[in-house]
Structure formats: structure tokens, C-alpha cells
């Protein structure tokens, strides 16, 4: 029902939304990334997976335009990235919610910055608040929500600006295990529904295999692409069936074997 | 700040301000600001006079006695407030009132109670410094993780060892921060006390030089005072950094 | 941080079980007001006893001080005094507030301004500025201007430094969030940095106000006796100790209540996470 394949054929250029070419990043002493070349296909969820300190978050922030690369370039739909742009939206590891603003204002904040009128942006925000299952919490403040609910706000905010590419930086790492599983299932439903390109950073092998169409394995510092894996899992099966599926378990094992030697 | 590719240390800008002072002083535009250089010359001459030396000694004495009392009482009360809810409830409101109350209004009262002299200044220093030490010590004690106390108990620490070896040491970063803030306030206390009492120590000299319009000596006094206050604060900060390493991993 | 660390709720884990009568303890923990009231009553009782002993000829009882306070309110002298004391304080705090917050924000945003001004204000904050009060008397005489300057000298540094530190340490993750949604630099400052910094800026204003109270009283005692300083000096000179104590108590009371009011205003306005319910 599911089998494992290592992608060797390049994806046709027309399908590529985000193209990373020869990205290097050096901090004064440390070389964080070395010559990264990657293509991110449209409508897929690609995960950057690797040991801590491999530069996966740095790469994601370079794609987002939040940090400048030392050399190389990132193109989104053929246009080089010089900073953040409207076609990309970022979901933060620590949620980055404004504690002084309600759920409604937080979700609508991207639109507020674009100068959209209040009524219009609130109706869009309300839609996405419902989409992530937070209807009824519009007037609550972040401190009144659980960690999982806060990240749903972060996700709704990213969806609300209607960007093509969603960049998720370890979005579930500060969420407890039960909420995390529920959240992963919701994410898959949203990937299916919204038809956007997702780039996802995580350090959890199980999470990566469960949610991804493609997994990019990065080596330890300096980060380089060591392997690309496409888990072919039948997403129509129930979540519990997927987690017990032999192909899923084999992929997890294969990645673990590949990463094990990085662990001290 | 980075200038022409070199890191210019933060405190270097004080040199810029000193130059501005010198220029303003030399221009003679403001009678009350003599050039910095002549103030420094005056300061150098002043520290050699017996008047200054005895004034400084009196001031230092009042300050150290007041501060020693404030640190002792402050830590003791802070520990009690941090550990026992009854003490906390009893004293909490007063500590919070006095930590930000205009204590300068109390000095006249102290003057009639303790006489116009050194005792009043000592009590002023104590009152200015003690409350912040209490509050920070209390916060430090309350932040000692319960697991650390349980660890001590489970390994059979006596109550004495529990406080001496665990609680006080774990709270040390906050206690030191409290003492540093207390010192800064204590310096203000000694100056305010002596200005109002105005017949002893630095206060007497301030009174003398400002009445005789002797600006060089007035500023020389001020500069020595400011420098002493800064040095003391920096010294404590240095100790604080040494214990900070474990504040992060507590 | 310069703000004194006031830790609101006691950490329950550290407190060992109370030994003071379980039922009384429960009553008090349910009603913190009970504790506060009993704490006040105990203090005033101690004062009354100390006054009756008396520990000093110049130590009136609490009841005598209270009577004096009421009579000073009744004959209006207290209110007249506050009319003149509050003038330099309000003007000085208003000026320090506006100038200090703006300067602090600029220093937090611009590395050049930070380099130039931050060390200066660090020195001014740690130094005993009260020493300069005799100086301003010369230049600006003994009027309102000199007293206002005294307030500004004591209040400004802490307001500037708090504003500067708050802006400088604005949550980098929120700033990155604003950038990722293409917020302009102006939007970043107005919608993220200043709101994020406002609790600490407000704490600076409270500390500045507390310093301003010290400054105005000091000015009134050192420069020329006016307002509350005059009440204290006059009643002391004629040995009306109860009236003198009443004036001192009143200024501590006024400053405490003002600061508490400012704090609750701040909580309502700026800190949804600290609001109850």
C-alpha cells in the first residue's frame, strides 16, 4: 500500500515554486549552510529535517527573506528574494502572537499591515479562525489560550494573507504530544484543502514522515542536503492506520539509520 | 556602535560629553559650569586637604554603617517574607509602600528624633536602601525551585544546611541585584540626608561651596561623589556576573 | 531592568504550611484584605503605644497625628499646601514623561543615539542627582522653575533608561513576524515595538513619579519652604509635632495612592494578560 522511494529525477521546472540555488550562510565563526540547491514543488509539503544545529531554521528564514544569505539566491516563481514578500507567509516556532491583541486582531494582523479595511479583514480572519477550529475565541487574548490553540492562531494568520507558500518553523515543538497529533491531522486536512506549497521544519522524524510529501535531510553543521526521501503513504487511510502502516514505519527507521551517526 | 569598521565601546561616548563640558566651560557662557579641566585640578587639590578627607571619612562611615544595617535587616526580612506567608502578609504592604515613598519627607522627622547629626544620616541611608533589598531577596527566595529544597530534604539536610547551602545560595543572584540597587539608593540617601542635616560631611562642604559660589570645588565634590557611586555599582555588577552563570540553569 | 522586582503572587510551593491557626489562615488567604487591614492596624497600634510611652518628646501618638491630619484638612491648610506642591511635580513629570519616553524610544531604535546618550543616562541614574539641587537654586532662583527642574533632574533618567531598555529588548520574534508580513519600518515601530515596550515604559513612568515626589519634597525643604515642605518646616519650628507628622504621613499617602492608581490604570489599559477574568 505504501512504499519508499528516493527521488532521483529532478522535478520539472514549471512545477517549482521556490528554487534555492547555491545558498551558503556564514556567521562570523560558524559555517551554518554550505551550497544548498533545492526545488520546492507546487502544492506539496516539503519538510526540512535534520539534527539540531544543522541550519534548517536558518534556511527557512533565508527563504522567508528574514535573514540574508552569504551567497547564492532564492527564487520564488522565478523572482529573486530580497526580503519578505506577500507570496510567502511564516509560522513561528514561538507563535509570535501579540499579547496585547485579541485572537481576531492577531489573525487579521497581516491584512492590517497591508492596509485593508477593518470590516473586510475581520471577515477574512473570521473565516480562517473557523478553519483552524477557534470559533468563539475571537475576543480572547493569547494568554487565555493553550499552546496548541496559540499555534492555531499563528496558522490562521498565515492563511489569512493568502500567500502561495507557507513556511512553518517547528510549529508544533512547543505543543504537547496529544495536541500535536491532532494538529498534524488538521494540518494535513488544510494542506489538502488550501492547495498551497508548504515548507516545514521539524526535528521529529515521525512528524516529518507523517505529514510530508517530500523530506529533505540536512547533514550536521555545515548544513548540506544529504538525502531526499518521498514517503509514498496513502493519505486517504485513517490517521491511526497510517501510523501503524509498514511503509510509514520503514521510512521512519530508514531516516533514523541515516541520522543516527550524527547523535553523539 | 561601529565606526569605520571598529567597535567603539559604549562608555567611550562619555569622553564626548566631557569634551562638550570642557568647551562649554571654556566659552564661559554659563557661570555655573567651569571647564572640566579646572574642576579636575580642583578635585586633585581638594582630595589632599584635611577638610575633604575628614568629610569623606564621615560620609563613608555613615554610609557603611547604614548600608551594613540595611543589608543585614533586608536579607533577614526578605528571607522570612519569602519563606513564611504570615510574615509576607504582615510586612508586604509596608515594604511596597516604603520602596517607592518620598522618603526625603521623613528626614526632618528623623532629625528631631535622632538629633541633627550622624545618626540621622545613618538612619536615612538605611531607610533608602533596605526596602529594595527586602523585595529582591524575597523574590529570590520565592524563585528557589521547590525540587531543589525537596532534594535537600531527601538527602537529609538539616534546616540549617538547607538555608546555608541551598536556599541562600540559590537566591544569591537576586540578593546581589537587590544589594546593588540598595547601594545606589543608599548613596542617594547619604547625600540627601547630609544635604538636609547640612552640618556634617559632604553636606557641609556642599553647603559651604555653593554659598560661596565656588563652582570649581562644588563640581569637584560632585564628580568625586558620582565616580565613587559608579565604581561601587560596577564592582557589585562584576560580582553579580560571576554568579549569573548559575542563575540561568537553576 | 531598573524596576524593582515586585513579585505579585506568592509562590505557593515555597511556603511551608502555616502554623497560625488554620481557620484564621484560611480566612486570610481567601480575603487578602483581611491581612492588609490587620497589618495596618498592628502598625498603627505599635505607633500609638510608642507615642504613649513616649519614646521621644517629639514622637506624637497615632491618634494625635490623625486628629492633626483631620484638622489640617478641615481648615484647608493641607489642600492649599498640596496646591503649591503638586504644581512643580505635575509640570516636571509631564515634561520628563514626554521628553523621557521620546528620548528613550529614539535611543532604543538608533544605535548612534544609544551610543551617545545611554552611558550618560546610566551615570545620571546611578548618581545622587540631589547633590545638584543647591546649584539650580542659584541659577533659577527659588521659584517654580527651580523646583520643576529639581523634579525633572531626579525623574528623567529612570524614565529615559526604562524606555530605552524596553525598546532595545523588544521581542525579536514579534519584530520578525511584522517583517515577514511586509510591515514597514513605521508600522513595526507603531504596531509592535512601542506596544511591546509599553509595560516597561509605564514602569519607568511610575519610578520617575516616585523619584519626582522625592525631588519636589527635597526642593521644598532645601530651596524655599513652600507647600508640604513649608508645613513640615513650620510645624517643626513651633514644635507642633503632631501636625508635622501628619504632613509627612499625608505626602507618603498621596504618593502611594497616586502610584497605585497609575499601576491599576496601566493594567487596565495595556496588560490584557494581567487583567482578571
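When the chains are written out, they are named A, B and C in that same order, and each has its own residue count from 1.
In this section, contacts are C-beta pairs under 8 Å (C-beta built on N, C-alpha and C of every residue); 3 or more make two chains touch, one makes a residue touch a chain.
If you're wondering where the values come from, they're calculated on a predicted model, not measured in any experiment.
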Maximum centroid distance from chain B, chain identifier (CA atoms): A
Centre-most chain by CA centroid is C
Chain B to chain C: how many Å between their CA centres? 18
Intercentroid distance (Cα basis), chain C paired with chain A, Å: 48
Using mean CA coordinates as chain centres, what's the gap between chain A and chain B in Å? 51
Sort out for me which residues of chain B touch chain C in the complex. 1-2, 8, 10-14, 16-17, 31-32, 82-86, 88-94, 96-97, 99-109, 112-113, 132, 135-136, 138-139, 141-144, 146, 149, 174, 177, 181, 184, 187-188, 190-192, 195-196, 202, 206-207, 210, 213, 218, 221-222, 225-226, 229-230, 233
Touch list for chain C against partner chain A, complex: 171, 173-174, 176-184, 187, 191-192, 195-196, 198, 270-273
Residues of chain C defined as touching chain B within the complex: 4-7, 10-11, 13-16, 18-20, 25, 28-29, 32, 35-36, 38-40, 42-43, 56, 58-59, 111-112, 114-120, 123, 125-135, 137-139, 206-207, 210, 213-214, 216-218, 221-222, 228, 232-233, 236, 241, 244-245, 247-248, 251-252, 255-256, 259
Which chain A residues qualify as touching chain C in the complex? 61, 64-66, 83-86, 88-90, 92, 94, 96, 98-100, 109-110, 112-114, 141-143, 161
